[in-house]
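I have a structure I would like to understand better, so I am pasting it below and will then ask my questions one at a time.
Chain IDs A, B, C and D follow the sequence of writing; residue 1 opens each chain.
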Amino acid sequence: MSLRIGIIGCGAIGQDHARRLHFKLSGASVVALNDINLEATQAFSLASGINAKVYANYEDLIQAPDVDALLVASWGDAHEEQVLACINAGKPVFCEKPLATSAAGGLRIVEAEVKHGKNLVQVGFMRRYDAGYRALKKTIDAGAIGDVLMAHCAHRNPSVPENYVGDMGITDTHVHELDVLRWLLNDDYVTAQVVQGRKSRNSNGNLHDPMMVLLETTQGIRIDTEIFVTCRFGYDIQCHVVGETGVASLPEPASVALRSGGRQSTEILMDWKQRFIDSYDVELQEWLEDIKVGLVNGPTAWDGYFASATAEACVEARHSKQIVPIRIANRPAFYDRG
Amino acid sequence: MSLRIGIIGCGAIGQDHARRLHFKLSGASVVALNDINLEATQAFSLASGINAKVYANYEDLIQAPDVDALLVASWGDAHEEQVLACINAGKPVFCEKPLATSAAGGLRIVEAEVKHGKNLVQVGFMRRYDAGYRALKKTIDAGAIGDVLMAHCAHRNPSVPENYVGDMGITDTHVHELDVLRWLLNDDYVTAQVVQGRKSRNSNGNLHDPMMVLLETTQGIRIDTEIFVTCRFGYDIQCHVVGETGVASLPEPASVALRSGGRQSTEILMDWKQRFIDSYDVELQEWLEDIKVGLVNGPTAWDGYFASATAEACVEARHSKQIVPIRIANRPAFYDRG
Amino acid sequence: MSLRIGIIGCGAIGQDHARRLHFKLSGASVVALNDINLEATQAFSLASGINAKVYANYEDLIQAPDVDALLVASWGDAHEEQVLACINAGKPVFCEKPLATSAAGGLRIVEAEVKHGKNLVQVGFMRRYDAGYRALKKTIDAGAIGDVLMAHCAHRNPSVPENYVGDMGITDTHVHELDVLRWLLNDDYVTAQVVQGRKSRNSNGNLHDPMMVLLETTQGIRIDTEIFVTCRFGYDIQCHVVGETGVASLPEPASVALRSGGRQSTEILMDWKQRFIDSYDVELQEWLEDIKVGLVNGPTAWDGYFASATAEACVEARHSKQIVPIRIANRPAFYDRG
Amino acid sequence: MSLRIGIIGCGAIGQDHARRLHFKLSGASVVALNDINLEATQAFSLASGINAKVYANYEDLIQAPDVDALLVASWGDAHEEQVLACINAGKPVFCEKPLATSAAGGLRIVEAEVKHGKNLVQVGFMRRYDAGYRALKKTIDAGAIGDVLMAHCAHRNPSVPENYVGDMGITDTHVHELDVLRWLLNDDYVTAQVVQGRKSRNSNGNLHDPMMVLLETTQGIRIDTEIFVTCRFGYDIQCHVVGETGVASLPEPASVALRSGGRQSTEILMDWKQRFIDSYDVELQEWLEDIKVGLVNGPTAWDGYFASATAEACVEARHSKQIVPIRIANRPAFYDRG
């Protein structure tokens, strides 16, 4: 059985996912495409060899009887209504992050899904599918470092475009840590603090880079994350988890070791696309396997809501310079896992 | 277009490849199976969900009009006649190593293929598809270490079964280095020497382990490889290439770094299946892409013959304790690239 | 010319320094010893082969005409009056940390030294003499990472005695980072915050371990230091300095690399005495060279006062859970360098 | 008690040792100097502040009643007669390598020492005093890798002067491995082979660089050492010892880890003087301690002879391209160790 997928939003990431689902992964074909840019989407459909039907509006695509499941890769502002429409149609939907542009919007999706009565929504936090994070979680879960007490993280990009400003270090960048650390530590956040000090001269005018985000979990685990998006030297994701008896660290990507010119060195990736490229394949392949049997095992609507609500608290903390409590709605029993 | 594959030899590795081609990779379906154990193969065909037709003899399978290409994973003694049958049928064939159990057998395949006039045969040396070896080759080819002068390698297994004896360290184990180093260094071998010293007490009665193989190439590159198949501590593949201005080393597999009990450590794999598991996927996916357009870009029949001829010289060198010249037939222009 | 040294306080560390100065380093001999335990000191003087004169009170020792310089290694409560007596005698004095048990006491020493008009006091912060910290400073000063923006540190001990409680994580442990980071970054601190979360079950009853100290410098550099004194796995000192274009890290101690039992590993020291043992030699040898020519190039009385004042702010911050300003007296021009 | 040392040969290394003994180490003063360049030695004696008596001939210096022990740092051709003169005078002598310029000369020293009846001679193989090699030996002796089976070594220099030619890769460079590996493995050599392949374009006209030396020990341990003295990238000493259950490697020198420009790197030393600089201090300090109690615990005359004899076999092997037996005189019981 091959799943017939409709894709809403056919920009760069939508096209990547379309090719991935149609040509690279097994068990799916892309049969429907929608984008506000109709012409470009027609052209993509042909040029790629996918030859899917192109819809002028996403509602029709969602309703199409030959579409089994949806992937939303449109711009963030449209996610909420598109995902709600998928829920209303009772069809599984994979929504690229963010689930919604506000915690309130995320909560509305949660409520709609609960009301519908069946898990349909998965959010595109791909780090949970990274081999490195999975190995780290396995190490922690096996008790190799005892109970977790702290985590020291860094999210470093060599540079960002000029339109990357203000709170985007939190909402666009740190949001990946917000999701993956909850999953990694099996825990939720209760307070947030943001510390900003000396600003790099490589920050653009409306960006104060780097910053540090401090989170406290329900168990009292203390997490610090350096967000440094103009670090110049590479795309560098660090995660060091401190437990009662040891420290476990996210693997460095495998690299040729070179001895040359007085240095012994390995490579640091410069392009974020390389770092988690394999994770997208794993993420969507597992999503396909899961929805075939009516499950959502990846990040749920609740996880998407939680990430948004935490990001909002972090933004508030950045502006207030205070320790801000993270207020979360009551979790519906619906999202309990086995 | 989906290629229809027939598989000859359905033991463990044949079954793995069948599942890989049919379910995991894209662009192929397995339509035919053959094995001396007919019953088990019928059972596998059903249980796996592949539901391919099972043939009592491989000739019929090769001739079947709905079979586009073949994969040979039978026992080594049968490879030569099966591959020759594929060539006679004019169908592409992927043959697990060894191509033949003797250099002479490999040469007969080379001659048959040349006579047929078109590349059909690829040999299953999967290391050329390993991300680590590919990164190492890219580093060398980019001139990062200048011209290559030496290579220091190690092929270590934690243990081997009791029936691993005699020259198998060369014919079964070292043969992987024999192929991948020719490809890595763009060079051929001219002499071989084998050095055996102190024998590990973990060697079984008919095995002298470890040994060191010394090869010289046409350019004078000197390669030493430690073959140590009872090393106990892990499955550990090392390759350090020394150039005029630097040294480049095969990446260590990515691993969680752990601080615990007075040690800072990373994992060494214990099971060889884990080390090159991803390479099988890449190898067969690329093979599928290549044969669709009538090409063989992987290890050719000539490469398979060359590995066998070198292994035979190494075996002779082990017994004679002499430096043995490697005698190779003239290479048909047929195998020139680009 | 050999300096004649008098040692005040002949417990474990005083005896170590006595042997070091007398037998291991060049250019000094220990001629006078004082300790409240007169008998044990007599015994040590003979047994060690130093054969120094033992004084019943430290004032006489300081005044002794054949004593050129003093080393104070008594218990912390006595340091202030003993160092003041050395200043009054106009003799160079090396005082083990702490310079005084309060910032106010440290300031009194500063004022006495300024009034005396000549640098006489050096404080025993040995990390400035560690080859690793010196290499790190050289790297930063050479501009290898651009201007410094953040520093991530950790000070981990496998365990502490039962009488290690309360604020000692700051006053006894973190005080080393307080001094060495000011020197490393050429900067002073302006605020402190202490974050405590989940308590390790290996903490004793009156110890909340681990904690994190956050410091802000005058330039806005943000420093976070994990203090974890029951980490079990080793004595582990980390310092990662983040600059505008790179990250430089304190070297790991050199260690045999071992492949064994499925792990590739290096050693983490378990005993703090091993980690900085060489630094004591360098520290005292340089002190000898400096005072021969009338200089103090190591940590000054001002540095000792600054460390105490910062530690007091950290203690306040731990109790108040607030971000606490670090209030420092005006620095006398006397302590300007160069 | 302070030992009074006379130094024969006051070139660069003799002057270094003179300063080291007189100013840096404890328990010795340099009282006598000799060199063929009398004037320069006078100048050095004054300028250094050592103010030793300068002798026009070494015999007088050896005989001087106020000289307790000798250090020979003259050019190699003079070592034999100078060491023999020290033995005749019954005074302890530390001789820089080589002990003699031929195995025969080394054996004459051995015989003279045996005849004299007391250990007097120590040879300046400083690697035995390197912290890294000592840690490696401790690891092996503790059984961490089981019985040793193989060792893979490399001795790499960035470049050599124009007058470094012919067999100097063996006699000047490899001789360090020849001594330290015997000590490390508690074993002697029985055969040698030298393999030369592709020559680096950075070799000078009379130098074939790199080469590989293969040694076999009495226990059958197989040692391969890459000698590569124009490797350009650094002064890089490698030693990987393979045992029945693991591999132990010589520590890399501690280095700041740097993330910058897409690379994670540590430093490789460029200057050999830095690599073993600390070993000289340890070597001579231990020598002083030993000769005070009438012992020689470092490399003996026998060790110096053994290194020379093995080097001669390696030279023969390089020219003959054969596996050459290493012929050693019978070891006098005199050199047995407790």
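The definition used in the following text is that contacts are C-beta pairs under 8 Å (C-beta built on N, C-alpha and C of every residue); 3 or more make two chains touch, one makes a residue touch a chain.
Owing to the predicted nature of the structure, the values given are computational and were not obtained by experimental measurement.
Of all chains, the one whose Cα centroid sits at the greatest distance from that of subunit B is C. Between A-D and A-B, more C-beta contact pairs are found at A-B. Once the centre of each chain is set as its mean CA position, subunit B and subunit D turn out to be 45 Å apart.
Per-chain CA centroids place subunit A at a distance of 59 Å from subunit D. Note on chain placement: the centre of subunit A and the centre of subunit B lie 39 Å apart, centres being C-alpha means.
Contacts with at least two other chains are made by residues 232-233, 245-247, 252, 259-261, 266 of subunit C. By the touch rule above, subunit D contacts subunit C in their complex via residues 23-26, 131-132, 135-136, 139, 144-145, 245-261, 266. Residues 232-234, 236, 252, 259-270 of subunit B touch subunit C in their complex. Listed in rising order, the residues of subunit B touching subunit D in the complex are 147-150, 152, 195-202, 210, 212, 214, 216-217, 219-222, 224, 226, 228, 231-233, 242, 244-247.
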